[in-house]
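Reviewing the structure listed below.
For reference, chains read A, B, C and D in written order, and residue numbers begin at 1 within each chain.
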Amino acid sequence: MSRTVVVAGVGPGLGASVARRFAIEGCRVALFARSESYIDELAAELDEDSAGEALAVPTDLTDPDAIESGFEAVRDAFGPVDVLVNHASGGSWKGLTDLSQEEFDRALDVGARGAFLCSQEAVGDMLGNDNDNDDGDTGGTVIFTGATSAIRGRDGALAFSAAKFAARGMAQSMARELGPKGIHVAHVVVDGGISPPNRTVENPEEYLDPDAIADSYWHLVEQDESAWTLELDLRPHVEKF
Amino acid sequence: MSRTVVVAGVGPGLGASVARRFAIEGCRVALFARSESYIDELAAELDEDSAGEALAVPTDLTDPDAIESGFEAVRDAFGPVDVLVNHASGGSWKGLTDLSQEEFDRALDVGARGAFLCSQEAVGDMLGNDNDNDDGDTGGTVIFTGATSAIRGRDGALAFSAAKFAARGMAQSMARELGPKGIHVAHVVVDGGISPPNRTVENPEEYLDPDAIADSYWHLVEQDESAWTLELDLRPHVEKF
Amino acid sequence: MSRTVVVAGVGPGLGASVARRFAIEGCRVALFARSESYIDELAAELDEDSAGEALAVPTDLTDPDAIESGFEAVRDAFGPVDVLVNHASGGSWKGLTDLSQEEFDRALDVGARGAFLCSQEAVGDMLGNDNDNDDGDTGGTVIFTGATSAIRGRDGALAFSAAKFAARGMAQSMARELGPKGIHVAHVVVDGGISPPNRTVENPEEYLDPDAIADSYWHLVEQDESAWTLELDLRPHVEKF
Amino acid sequence: MSRTVVVAGVGPGLGASVARRFAIEGCRVALFARSESYIDELAAELDEDSAGEALAVPTDLTDPDAIESGFEAVRDAFGPVDVLVNHASGGSWKGLTDLSQEEFDRALDVGARGAFLCSQEAVGDMLGNDNDNDDGDTGGTVIFTGATSAIRGRDGALAFSAAKFAARGMAQSMARELGPKGIHVAHVVVDGGISPPNRTVENPEEYLDPDAIADSYWHLVEQDESAWTLELDLRPHVEKF
């Protein structure tokens, strides 16, 4: 079975690794990001090098209309969505006393409202999938990329903490609502820094390899519905936590 | 020491009990709510019956300008704020598939952004308090009224879960930022239904008495800074959980 | 109403502060500890200086027979038990590779089995209280002194973490079993170092004042059964967490 | 690389599925259980049908000497241990008022002390592995089979909750101690009933398929050390939680 996947929020780090892994597995992968240049390049690479296909969909996740038309573009190209990865975040690293209202709004608009709207679009497809065809009882998968700040509010990162907590609350609510309908909702707590693309770091073992993270995303998609994971954490073996 | 208190989001249930308890302890209590009629009535009652004073401040917590002028009104009447209770919530009980964007936005605007803006106003006063006088290192208290949906996303309550999680994340971030500056931030998980005002219920022991909840809010305000609570839960003794 | 209280595990730190606070409130307080000398001295002090009474009950909490006869001594002197504070712990600060079986057993025998046996004795009295007299629906209170290691297993403290987790699991199980029977079970997460008795520390604000902790224990005992707390945390305002 | 695996606590349910999955992947699997008959039968099946090998090691996990000689038998047959699955539990479903001391002790001896002693034996091998050869920095994997009662103490299951919490506390402590040494410690929260072997159930979708659980155990063993999971949960898609 070849899946249609939306990765909402793709940059050259984890987003790209997840998209690449899905493409390698033969999926049709739609890449959402505000800026066109990187996703165009990545889409070309995936079309060339993987078993799957890719589509760059320039989309501002703070704009509800853009999200709607982005999903329309995906459906036109690839058909209904089977997997959504809510991967975007927009938090500035400021505490209560320094944060502007605009920064707060932006973090919540990207990390909470954007994820809500993308989920509504994708889950509509997944429920429709379920009704329209006979592919069994699994309607799809929604994965949220979380962070330590989703389970432990962080000093000096008020809006990021608020948005990451909000997304985790949504994931849990959706898992309870949608699990019985065959949709697997999962929340991944990425605890630690991810290896930066295109540069060398001094102590590479202190960073998560984004391809290794993508392995666990793929495992979540492949889990049998009799034993689904709502939440798992991921960290480098040397991480202090 | 007589404190100036803002209760943001006052209705005839828990908000009124908290306001009443603070007034009984001699505080000057500002009552924020969108509709004027109830808070006018409550302010008159508290002025009459308690050792403290009360001020009705009609305020739409989704409106940043209204929050700013609300706090100005409090300072004019009572001086700088010592205690803030973030008590408002605006979630509709709908799941992903039924929720409109307007309902989502409203829940987050009231429960997350409103609490952020009120906290910024109040904490500005508390930090100022600290600088302007010699009352030691305790600048004030911020209490968030949370719910079970703040720690366990609820089926059929997507936006409420998102907003309550977001507020908890903010509380934790703020506690870490502001504790060392003498400001006590606490999050109360109210687990269960609160006794409704003005009507009799069949099994009263299944409900939280709002006056009993207010006892724990007051305990939080009175805690010594050497042993502050970030989070406590409250539920009726017969609650299944 | 004057309560009979057992503090299981009394030393000159938090145990003494809790016992003292209960005695000040007029309780009859039984002090359990392995070594007689300190509790004899404390009992004399409390009898002299407080509104309540105190009884030293030398008890090895790893010895089931000693626990049983300790509770018998309390009943003979003070009548049935109303409040139990499970306060003892016996963990050595060692990780997996260094810990001996004897050290593991001791930590679990004191922190888990001892707390189980004391709870069984005390709750038997509390349920009996409920049946024998008409004092309403509150049969009593059981408080566990927990630690950060009860919610976050600690590097280099394997047995302490195991015992503290076990006690928290018991507290939650008991709260669900006994709440509907009018017995309040609570677990206090003490996060940070407690001010050491009888010596000065360099940065006193980095320590919890044991008398301030005892304030929250007393608040738990006094909570109305319509709004009981299962868990609260306590830490110094400057604590990094 | 072919691994030596100990599954401590093998019955015809999940233990057998985990052992079978490891054997299919080519591992040498030692089966620990008190009663010999089932593990003899399973070992014969695995030797016959899988790419790996199996060894039945009759072992009473409440007996420290038996654990020590069990691991000796494994080393003699298969060499040093690479993977340990702490899978045994011995809790009776009783609350505080009904539980005997013997039942409490047994639950803790199997679920906590047995897991500690097995971990000490296995981790000794894993650290030795690391030193003796050049197979890189991953010394091994320890997986704890947890339950919902490991994160939420259960009414009417006091000793089971205590033991499961204790094991989770140990897992977290060990993960922090041993991760930097290349040993992956993970805790799996199995939330729900597992399909019973050898009989049909009315609503099979309400049960976890033990083979599906075993997929996630294998994923944990295969994770790259740059992105290790400490905890994941597993439940049927229709589970209410």
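Heads up, the rule we're going with is that a contact is a pair of C-beta atoms (placed from the backbone, for glycine too) under 8 Å apart; a residue touches a chain by one contact, two chains touch by 3 or more.
Each chain and its UniProt protein: A, B, C, D = Short-chain dehydrogenase.
Since this is a predicted model, take the numbers as computed values, not measurements.
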Next on the checklist: What are the mutual neighbours of subunit A and subunit B in this structure?
Outcome noted: none
Next on the checklist: Given that subunit C and subunit D are copies and touch, would you call their interface same or different according to whether over half of its residue numbers are shared?
Outcome noted: same
Checklist entry - Based on CA centres, what chain would you say lies at the far end from subunit B? => result D
Next on the checklist: Averaging over Cα atoms per chain, report the distance between subunit B and subunit D in Å.
Outcome noted: 46
Checklist entry - At what distance in angstrom does the C-alpha mean of subunit D lie from that of subunit A? => result 32
Checklist outcome for this item: In subunit D, the residues touching two or more other chains are 176
Checklist entry - What is the shape of the graph in which nodes denote protein chains and edges denote touching chain pairs (line, ring, star, complete, other)? => result ring
Next on the checklist: Per the touch rule above, enumerate the chain pairs that touch, sorted by label.
Outcome noted: A-B, A-D, B-C, C-D
Checklist entry - Across the complex, what residues on subunit D touch subunit A? => result 137-138, 176, 179-180, 182, 184, 195, 205, 207-209, 212-213, 215-216, 219, 223-241
Item to check | In the complex, subunit C residues that touch subunit D | outcome: 64, 95-97, 99, 101, 104-105, 108, 112-113, 116-117, 119-120, 123-124, 127, 149-150, 152-159, 161-178
